[in-house]
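Shared between the two complexes below is chain A, which has chain B as its partner in the first and chain C in the second.
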Partner chain A sequence: MTATTPMPGDVGADPHGHTPADLPDGATPPDPIIIEEDMPRTWPDRLRSWSRLAAALVGAIGIFSAFLVARGADPIVVFEAMWTSAFGDANKLGETLIRATPLLLAALAVAVPAKAGLFNIGGEGQLVLGAIGAVLVAYSLGEETNGVLTLTLMAVGGAVAGGLWAAIPALLKYFTDTSEAIVSLLLNYVAVIVLAWLVFEPLKDPMSTGQAYSRPLAANQNLPIIWGNRVHLGVVIAVVAAVAVWLALRGTRWGFALKVLGGNPEAARRAGLKVGLLGFSALAIGGALAGLGGMLHVSGLENRLRPDLMVGYGYIGFLAAWLARHDPLKSIGAAVLLGAIAVGGTGLKISAGLSGAAVNVLMALVLLAVLGWSRPAPKALR
Partner chain B sequence: MNVEAVLAGAVAGGTSILYPTLGEVISERAGVINLGTEGSMLAGALTAYAVGIQTGNPWAGVVAGMVAGSLLSLVHAFMVLTRGANQIAVGLVVTFLGLGLTALFGQDFVGRGVVALREFPIPGLSSLPFVGRVLFSHDVLTYLSLVAAVVLWFMVFRTRTGMKLRAAGERPDVLHTFGMSPTVVRYAAVLCGGALAGLGGAQLSTAFTLNWSEGMTVGRGFVAVGLVIFAAWNPLKAIFGAYLFSGAIALQLQLQAEGSDISRYLLQALPYLAVIVVLAILSRRRANAAPEALSRVFEHST
Partner chain C sequence: MTRRRRWTAALVALSLVFAASCGSDDSSDEAGGGGGTGDGDSDLTIGFLYVGPKDDFGYNQAAYEGSLAVEAAFPEATILQAENVPETAEAEAAMQDMIDRGADIIFATSFGHLEFAANMAEQNPDVVFLHQGGLVGDDVLDNLGTYFGTVYEPVYTAGVAAGMATETDKLGYVYAFPIPQTLANINAFQLGAASVNPDVETIAISTGSWCDPGTQATATQSLLDQGVDVITQHQDCTKTIIEATEAAGAMSVGYHFDASELAPEGWLTGSEWDWDDLFVQIVQTIVDGDFVGSEFNGDFRVGLQTGDNPFVQSPFGPLVDADTQALIEEIEAGFIDGGSPFAGPVLDQDGEIVWADGEQPTYDEVETMDFFVIGVIGRTD
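Moving on, here comes the complex of A and B:
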């Protein structure tokens, strides 16, 4: 077994070529056991797979350039500006790392349930709830409480809030068979509405005019700055979280049970695993991780709640998880890469006067390259 | 409470959700789930808006919107059917692509005056009390959406084409046995779904909100994917699904207008919560209605 997990199964891409209709009437189709047979094993295979992916990535950049040209921008200038914005000097690199922090936790929030075969697309909402939970804890503790204790409780508050938010799709999944993908996705919109309500009504800073935001956090409610002017401790905490998730998935019974569940739910059930509880725990822990991400973002950087606090972070985190194929350690790199592209949006805006959201195109194209070309195409579909 | 206003609002606002729901019904009937519907809607909304302004003809815009929606769904179809990538992940990436492309190309159209699809009250019928305003005082695309639901229902359940479509989603090998390619049917279904999502987006920007802004669909495409379950993959039931969502929006607006005690921010959550609640109630009952190939999307993921 390689450390890499197989890509989730795809319709028509069952490695054994089974389809339900291969079976006699009335028989339930066996759950396919996915063996990592599409992962290259030999060096020539690996080389071939890498060059295929490299070609796809070049294609992605080429298509993005074509779009830029269509908008009258010079791709070289844009890429240069994006690179400078993301990695130009120490401060800019710091900016990328700060951006990558909530992305990494949002990616972990996708990766953990994915091991159990569950889709968590609710990272955005869970990040938002985490930020809200952390800020509410901070407000209720006041400024007098010891800093370390305050920050710990804020982290717990964020994680609990994110976990509870993810528990909604988890509970609906197990009690009513409702798709956790759709429910977690729709709850993102609800979370953003709750955030808007809080900052426009109960938590509104009386000093704010025009733009709505909540009261700022006190100095001891901010994560310490560890590098430069803005890079906060959250960057380290996120990496520690990724390593912890990696260890938990690979070294604990729980992690093993999740993989069994993800690989073959029926086998998991027959082996006596508590399938419902396992899936629930995977989603809730995923939500808690995203919640922690929201706390780090608000306590380390934003300092207060505002309506578009976390816009896009959850979805980009989802992309990061898939870029890393749900591997917690690789997620670190994926989060930094997508964080850099996101920060590069500023450069794109300044150099070409284009909407910063245009970098979403580049992210999407990179993801398409990775999703579609990191392994051979399935053999002729039936 | 002004029931007439709520119902009329539900029908007017429901069109832009009914089209993508119908599109997703078709796509999922063939066994492909497409979360890129949201992206296709955005593409349709911007393209219709932009082409309408450039040509001065809103109908040219509508057609262009459908083309844009189906082009984006072609990306989904290719990735899923030809490259064998995961449907849920690709769907979201396609939505992301749609979000980015419409941001990139839509910038110049923010705040430009729309060439609107005018309302077309049906002579006679629209002057009926109550139903006249609720049902017969809308734009043409709204009437067409109801016709489309009926036509698609007939197509899916009563024609050979529909049989092939359903076979692709239930028993792909049977199609294969008869010398037809399930892949081709699925491509066609996804493209058709994308065109309908684009049409929904076109109606949204040129007949309902009458403006263009980044991300203006605010999850309607995702809601449509959820409503397909509510509709039990049946185009006729999709009508009720769409009006459930838009009815909740209209109700929320009416409550705001009447100065309800509940915060207007929280009222905005009502439509999404309504869909979640309905799905929670119905999902178990719908399990058997789902096309066979579709359940496999969710089964193997790691």
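Moving on, here comes the complex of A and C:
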């Protein structure tokens, strides 16, 4: 596999000849922004790191349990209710996967720019734009067009819209030296307002009797349901996207160049890499991935644009990316975990006598635990 | 540097999640047995979905209190509660979760839940779905129905109180979406006010949300800046607007819930839900096996003409004098006798006659209202 082939001049290669790709599954995920990821790893090292992770997660669950007790709920009841809601049967597992789908693409939208040392906090807005782009393509194609072609063009439309939205902070960064983190974050609010305007004004469903939403997609504009009543093809597409991103980052010159840029921008510049173009491409491709996520969500599940179509997905996706240390494959697991916690929130609402927002506390604790677990930086970097 | 960067990112991420969630600060509880374990031998399970929190001094709190009445009337039943269920496909997921926990009856209480309740009704023929405020028409599934009161009747009489009380002749109306129900309310409010004060006008502002306190505060301030001295609303959570109005020394007309404690000075009156009897009646009909073909298996509407309106006048505040209260009682008596807030002549904003002298719409016709009457400042599209 290309991913395991060390590249000539691989600045990430460590003195023992390991590349990050040599690490077996479950080893410490590489951190994209820092070079310490390529430090030598030995088995005792790994063992220590795993036990730290286990301790951290137990700690997170312990703190959350204390929080539950303080709120007058029985932690066992809560965890059982959450588990039932997230994984209790095939329906529930399906719901978790559906919820994880846009989260995964939003996580990839963070992971790709992060390889180049860039912060994309605009996943939420890029998801929204993707949904808008896909729906606009669907409306302009009409209901007569062939289904596969329609869905393909909708996916392209969503990705292009998300990519263009992410290109705004990228261009501003390279022409005016603004922070891509701040600009992409603020654009989330703009995106939501654009969506609200569309569903209140030009795209409002004439049959909506005053409600703010667009008219429904036609049957051939919906992703096929592949399992049960609700699980749509987007679940598979999201996983394929994650694998594709993983391959692209590991196995292409572009992915390698992003890593060089992320590791040391000055070195990248001196090595003759087109730093501006690389950073732009990372952000734009990240945005395109989120845009695809918006398309999958609207075409597979929501069926029309609504003002609160994507609320929270981009931000939870950001958490997923950090949980996975920006590793595309591990992002799959992180998205499913956070999707499960989000879906588990329903059970927590229904059965546990607790606020549904309490799941945000759990998400935060898990993230802090995983970040805290990260192995200490080598002495030289401290 | 790398550490600081990582922790900065973590902080950013956390604050974003909390920012995203604080807009939907929700809480919930199970009124029935703990942990879905059920209580008693009966396997009757009833689920209630709310779009907002159960303590919103408004729509959701009123429906929640109705669910407590059901719990009291059917002590053997398990009651499932889910608050802050958005009007997106997540509502279907929440309903599915309730069904998997044994729900036989589901009350979907927000206007925007209708589409999802209808989908779930089609997929789950053994579960009865009741929707609050929507319209399903005559050709309805055997396990679906909607219910609502004629909200505009007490809103009209509240408009009378507002028309008497205003000194600037400007009333303010904060609303969410221009759905027929809301348009009927705003029109009734203006018509009630104009019936005692021909110079009065009502400025209507949309927030685009059932409960967005930030936008509510802005809308309230904007109304106050335009010289409005009585503010009412069609929002789910009513607290922010009433508190801001009271703080500015203006007068409040409540909606959905008796919030007079929030406005001891400026509270005029309002209208509020009393779902207890209707909810119990609906559940009893289903338990008895009489739902199919019953009045609840369709669009059930009840008002002063047809029986006890579940939507009743709130207590009067100190600013409403005895004469006004007597007048309001008289008007109510007229509605009970078959009158309507929309008894003609009713003119739209362009001055065109909608219902001529001697005409009045039926309850069904009011449900499809799509215009503002003359005297309302605002647009319906």
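The working rule: the second predicted complex is superposed on the first by the 333 of 382 C-alpha atoms of A that agree within 3 Å, B and C clash if a C-alpha of one lies under 4 Å from a C-alpha of the other, contacts with A are read in each partner's own complex, and residues count from 1 in each chain.
Keep in mind that, in the parts below, a contact is a pair of C-beta atoms (placed from the backbone, for glycine too) under 8 Å apart; a residue touches a chain by one contact, two chains touch by 3 or more.
Since the model is a prediction, treat every value here as computed from it, not as a measurement.
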Examine A:D177 and indicate which partner it touches, taking first as chain B and second as chain C; both and neither are also allowed.
-> first
Is A:Q211 in contact with chain B, with chain C, with both, or with neither (first, second, both, neither)?
-> second
May I ask you to decide whether A:P224 touches chain B, chain C, both, or neither, giving the answer as first, second, both or neither?
-> neither
Once the shared chain is lined up, is A:E95 touching chain B (first), chain C (second), both, or neither of them?
-> second
Could you look at A:G251 and tell me whether it touches chain B, chain C, both or neither (first, second, both, neither)?
-> neither
Would you sort A:L187 into first (chain B), second (chain C), both or neither based on which partner it touches?
-> first
Where does A:I350 make contact in the superposed view: on chain B (first), on chain C (second), on both, or on neither?
-> second
Of the partners chain B and chain C, which touch A:V77 in the superposed model: first, second, both, neither?
-> second
If you stack the two complexes on chain A, which partner ends up touching A:G62: first (chain B), second (chain C), both, or neither?
-> neither
Same chain A residues contacting chain B and chain C, which ones?
-> 31, 34, 119, 121, 181, 185, 196, 200, 315, 318-319, 322, 354-357, 360, 363-364, 367-368, 371, 377, 381
Tell me, which parts of chain B touch chain A in their complex?
-> 31-32, 35, 75, 79-90, 92-94, 96-97, 99-101, 103-107, 171-174, 176, 181-183, 214, 218-219, 222-223, 225-226, 229, 263, 265-266, 268-269, 272-273, 275-276, 279-281, 283-284, 287, 292-293, 296-302
Can you list the residues on chain A that touch chain B in the complex?
-> 5-14, 19-22, 31-32, 34, 67, 70-71, 114-115, 117-119, 121, 172, 176-179, 181-183, 185-190, 193-194, 196-197, 200-201, 259, 262-263, 265, 315, 318-319, 322, 326, 354-365, 367-368, 371-373, 377-378, 381-382
Complex contacts: residues of chain C adjacent to chain A | 2-3, 5-7, 9-10, 12-14, 16-21, 23-30, 34-36, 47, 80-84, 86-89, 92-94, 96-98, 100-101, 111-112, 123, 135, 177-180, 182-183, 208-209, 368, 370, 380
Of chain A, residues touching chain C in the complex = 31, 33-34, 36, 74, 77, 80-81, 84-85, 88-89, 91-92, 95, 98-99, 119, 121, 181, 185, 196, 200, 209-212, 229-230, 301-303, 306-309, 311-312, 315-316, 318-319, 322, 343, 346-347, 349-357, 360, 363-364, 367-368, 371, 374, 377, 381
